[in-house]
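Please read through the structure below; I'll follow up with questions.
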């Protein structure tokens, strides 16, 4: 947290304010999401909203800026996002996603940021965001920057949160798309974007342990909700969110506090 | 304009709402900006704010959705944006910018949009956004989509607006960076993002008719403002904005009204 | 299974034998592994050996050919493979891995194979192999091919197998690198490649829920074994292998049996 | 100018002559053009002829070599070159044009040239040639090379020249394709390549301030001449050419005279 | 041969003349060379001069146009061109050379040319020009175009020519760089570009049957001439040239005469 | 040869054994082949089998490791491999082959290997493997590594071997595909993979000195054997193999013995 500053959103700052942030060794977070269907009741922006909100929440306690979020992510997969067939799901190829994120990271490193973090909220972006971090590091002329890669932030909730969210019916994280957790979080964080009256419980007719290209129809939940959305509540969201924010904030602050990043 | 709808921002919609928009042959605009220094007084987001605001203003009158804006643009050049040296200017390479935009266009075409527009507000993105549109068209399996490419929307103001903005001192559009027009527009559209007390008049010591790589110091205006920012006012912005919005709206509606797009 | 045939390994066949296999609508599996350190006691080929053995085992019961395995995989990550620092770990970038696999799939589809499967045994290849399948499908001029993508074959063992392998100490799959499962499988399948006398139990000093680039030392298990290798036995390997083979064989045969693949 | 030398065309020299030129810190110009329709009366080579002639004219006064011209440029656009539809217009994609030019620049820098210039004569190449220069600079292991990028050489003629060429009817530079200026210059420089008897005055039925992909017919001038070619004369060409050559020569000599290029 | 036409050089034509050539099913040749050292006595353009001259000579007898030559080729190798170390040798990477040539071929096919030929005169371009032809074919939407790929035109001279050129001392084609054949051809075709007084006989100290990267000094002939240049004469060149032209012309005319090209 | 070691195959070693090999400055060979038709009687793996066997044979005498072979090579060409049309011929594009090999070389250099060799057995891979070596060298941060590129190992047999193989009927190396030499070598090295009863003598109806894309039927030998396979014997193979192994071993040991590789 930088109480004197004009807020953590990098793009709302002037260049002199960014210069000052670098000078005091502030960190910077890049939220990464997707533009992807989230059932009848959640907006296409759900992953971006959550990634961005998480970065801002961390920035309330840590001295980090928040760079403009990447609103387009990797292709939606049927078993974790419904797949590419839903109108409005707008995705990038792997190579383009990697290129965008690695270049943004590279620019931040070039300007002198040494404490960087990628906060991802889109299952399908995993590994691609890691490769982006790797390439940015490999190409950087400076070697004292460290990039934290949160591919699945807050991905291991406490028993308490698990119980509150799923009782005894946890379907696995992949299927938790537009379902209890995401809907609850959105009810807590951005209720005006949720049409709770349209929420349904749904699931794909079949969920094999492998994937199929092109996806056959029976791997796709017709509504785009891959599990039970109707059980979501704002209070469940509040509970889960508090833990996620606390976990990620603690992790990030702990990493960023440890003196100088490693050099290669 | 789609008065019954939930607003034009595509990412705030659900997938069924996008499906319905496609079914009624709605258009879609992709705003393209940059994260680039804009002097002591304007935020790094200036180009995104303006591109996005323009798309939304058009959407008040035309039945178009507005896709998530591209917040990262091509490298800033000294004579039109101050150059890459200012902290906070975060740019993409040509190939990556082209890839992102062409893939986003391609996804929209894949879902069935036939009336697309790119609204760019960053001088350095010119030609790259055209190539993106070309590639999206070339790769599309459907051929009935038409892409309008506004590289410099409202780029030929009326004499009235020119006089109001520049009196007799028009420096050329390239130099109009973080200066009278952009500052006036931001004062009109997003005054909370403008630190008008910090605005200065400035210019590069030298403005040759060619460019130099790497840029020597005397091509760079020290403040990042390439011309006179102090002469900006909200009322100048209001006047110019009204004309820009009207021009682009008329152009877009006229194109989109002409029956089916050409097929190749 | 094709009892009259000369064996399932595609590269040991002549072209006329492949032609005949295509004519009878045989399937084809591409094993994908890595050349990656596996502790003091397992060879760098471990992932290839296992992926290849699995494909051959499936081919004993299903009419599928086995294409030459991809011996080089994506970069090793500290928390799932020890990372890139161990001599002998030879990795590809994301874009190259995707390119190789998508082109091999594309060639098989071009020749007329319609039932394809990727069998991956390297955690870090996930998502990249999916993108390869997607690109191969997207670029194919024929649309009646279906690609099964086994990113984590046999990834949900039965309780019986879990108990046999881990008793009460399951460290999560990522950490199960060069540890109980892989060592047991190698003792069962390729005992001459295992130096069991050198096996150790080890783990990274720290296993955060995120990753760090460049990897700090305390994320790396010094031996390259990320968990307990000494508890491995050939009989545990036999038990687990039987289940994995049965599961993947059933899945593949079931998919390939369902009439014609979907067309896009 | 190097009066003792064998002429400025690099490719007509032997390698020892190039070695000597580098030793005396000579400059080098890369002319960049296009193979693009230029109406009924001008050859497809018009842009290459003019770019090359300009480089040679500069080399009469400055100690610069002229590298082989790039004969293929970026895709022709309807409003500035007639578009891709005219037989004989042979264009490169953005990525390929950037790659060729950046590699040629990179080779020249590798050999020790420190004073480089790109002289472009094809409107549609703008920004792409800049990116090529940027990439060549970024990738160079030496940092004392400076690249001048003339995207639009002589682009601001004196009032005298403007009056001589256009009287009161200047259509804007984009439309000045295969029209008064280019035809006059070709009549002056390469009259044997001009079929003046076929020259026509023409224009696109419509010239909006934006572009459209794919281009509709009414954006394309049927003849390929975008403005008035019949008003061209060799004497107008001579007048304009003298000024263009003088301007570019002065600019280049002034830049190259200023001690050592900046280092990054 | 098209006796009524304005000459075969495509870039000296207008677009209507190219249109007419396509309408009568004329062929088109793309000469491909290099900008590469050729000893003390031959210009860097030697490969381009020869490739271009060959294309023009063929065009005297066959109805083919000659497209602008590619002046930049693949990296020079020590054992066939002296290597990358000689000042003035300006080379492209494999991927860029492939991209340029495949796009130029693609454009010609797009306009309707069905009889295309690549005439290469640079040993190191082999295979790369083939890949370019393959990609152009693969990407073309029309399938009735046929591309002849002359990687080594006239590469098997008659015994008579071999005896005249080399007597009993043929060093192999790779070493015939800037030596007897090339010097003789240049003396015949472009004597003003040859400094015969500077010609030397030379060879690399060592010529192994493999290559080494980076090249050690003893693989490089100090002069850049890889064999005996002093034995070259214009009359030897005339003899060899006549045979090369006759061979290639016959081959091309025979291929282009055989009805419609194959369709895929 | 490293008599105390566990064998030369890198992927059968543990990482500590590779570490030790690097410490003693061992070399490393990457075999490169293809998956390509070889007539009615030889397996698709022929090129890989031969490249791998050659590397292992060298390793019996030199202290080199053998990395996993590249089993997929560049596209088969009609006049040297029968072309892409034969089922089972699975090829990579030029760019992908270059990428894989250059990255594998790069990884080996990164770990500290300084004596590297590429042993290729697939005519069509020529030049591409050279480019891979060049790129690996260019990108390496260390500069003391040397890469030997055997594009055509043992490519100039002694007169004795030539006579034994071909008597007076040598068809040129390109045509020696799946014919006397390769069949003889396979009979010597891997007789269980040869169906000698199916061997035929064959040739393409036409073998011009240029290539054609797409390949017309009369350039393709129907059987996939481009010359006389029936004349092959194991004893011819033994004779030729002994010479090839001796030649390559001598060359490699001689190069690797010469103190430190050159630095750039």
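The chains carry the letters A, B, C, D, E and F, assigned in the order they are written, with residues numbered from 1 in each.
Note that a residue touches a chain if its C-beta (ideal position, glycine included) is under 8 Å from a C-beta of that chain, and two chains touch if they have at least 3 such contacts.
These numbers come from a predicted model, not from an experiment.
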Subunit F and subunit C - chains in contact with each: none
Centre to centre, using CA atoms, which chain is the farthest one from subunit F? B
Over half of the interface residue numbers used by both subunit A and subunit C, so same, or under half, so different? same
Pair joined by more contacting C-beta pairs (D-E or B-D): D-E
Greatest Cα-centroid separation from subunit A: which chain? E
Between subunit A and subunit B, what's the gap in Å when you average each chain's C-alpha atoms? 27
With chain centres taken as the means of their Cα atoms, state the distance from subunit C to subunit D in Å. 55
Of all residues in subunit D, the ones touching two or more other chains: 93, 95
Could you tell me which shape the graph of touching chains takes: line, ring, star, complete or other? ring
Going round the ring from subunit D and on to subunit E first, in what order do the chains come? D, E, F, C, A, B
Taking the touch rule as given, give the residues of subunit E at its contact with subunit F in the complex, in rising order. 74-75, 77, 93-95, 98, 124, 126-128, 130-131, 133-137, 143, 146-153, 155-156, 208-214, 216-217, 247, 251, 255, 262, 264
Interface residues, subunit D side, partner subunit E - complex: 10-19, 22, 35, 37-45, 48, 67-69, 71-72, 86-93, 95-96, 99-100, 103-104, 107-108, 111-112, 193, 195, 198, 224
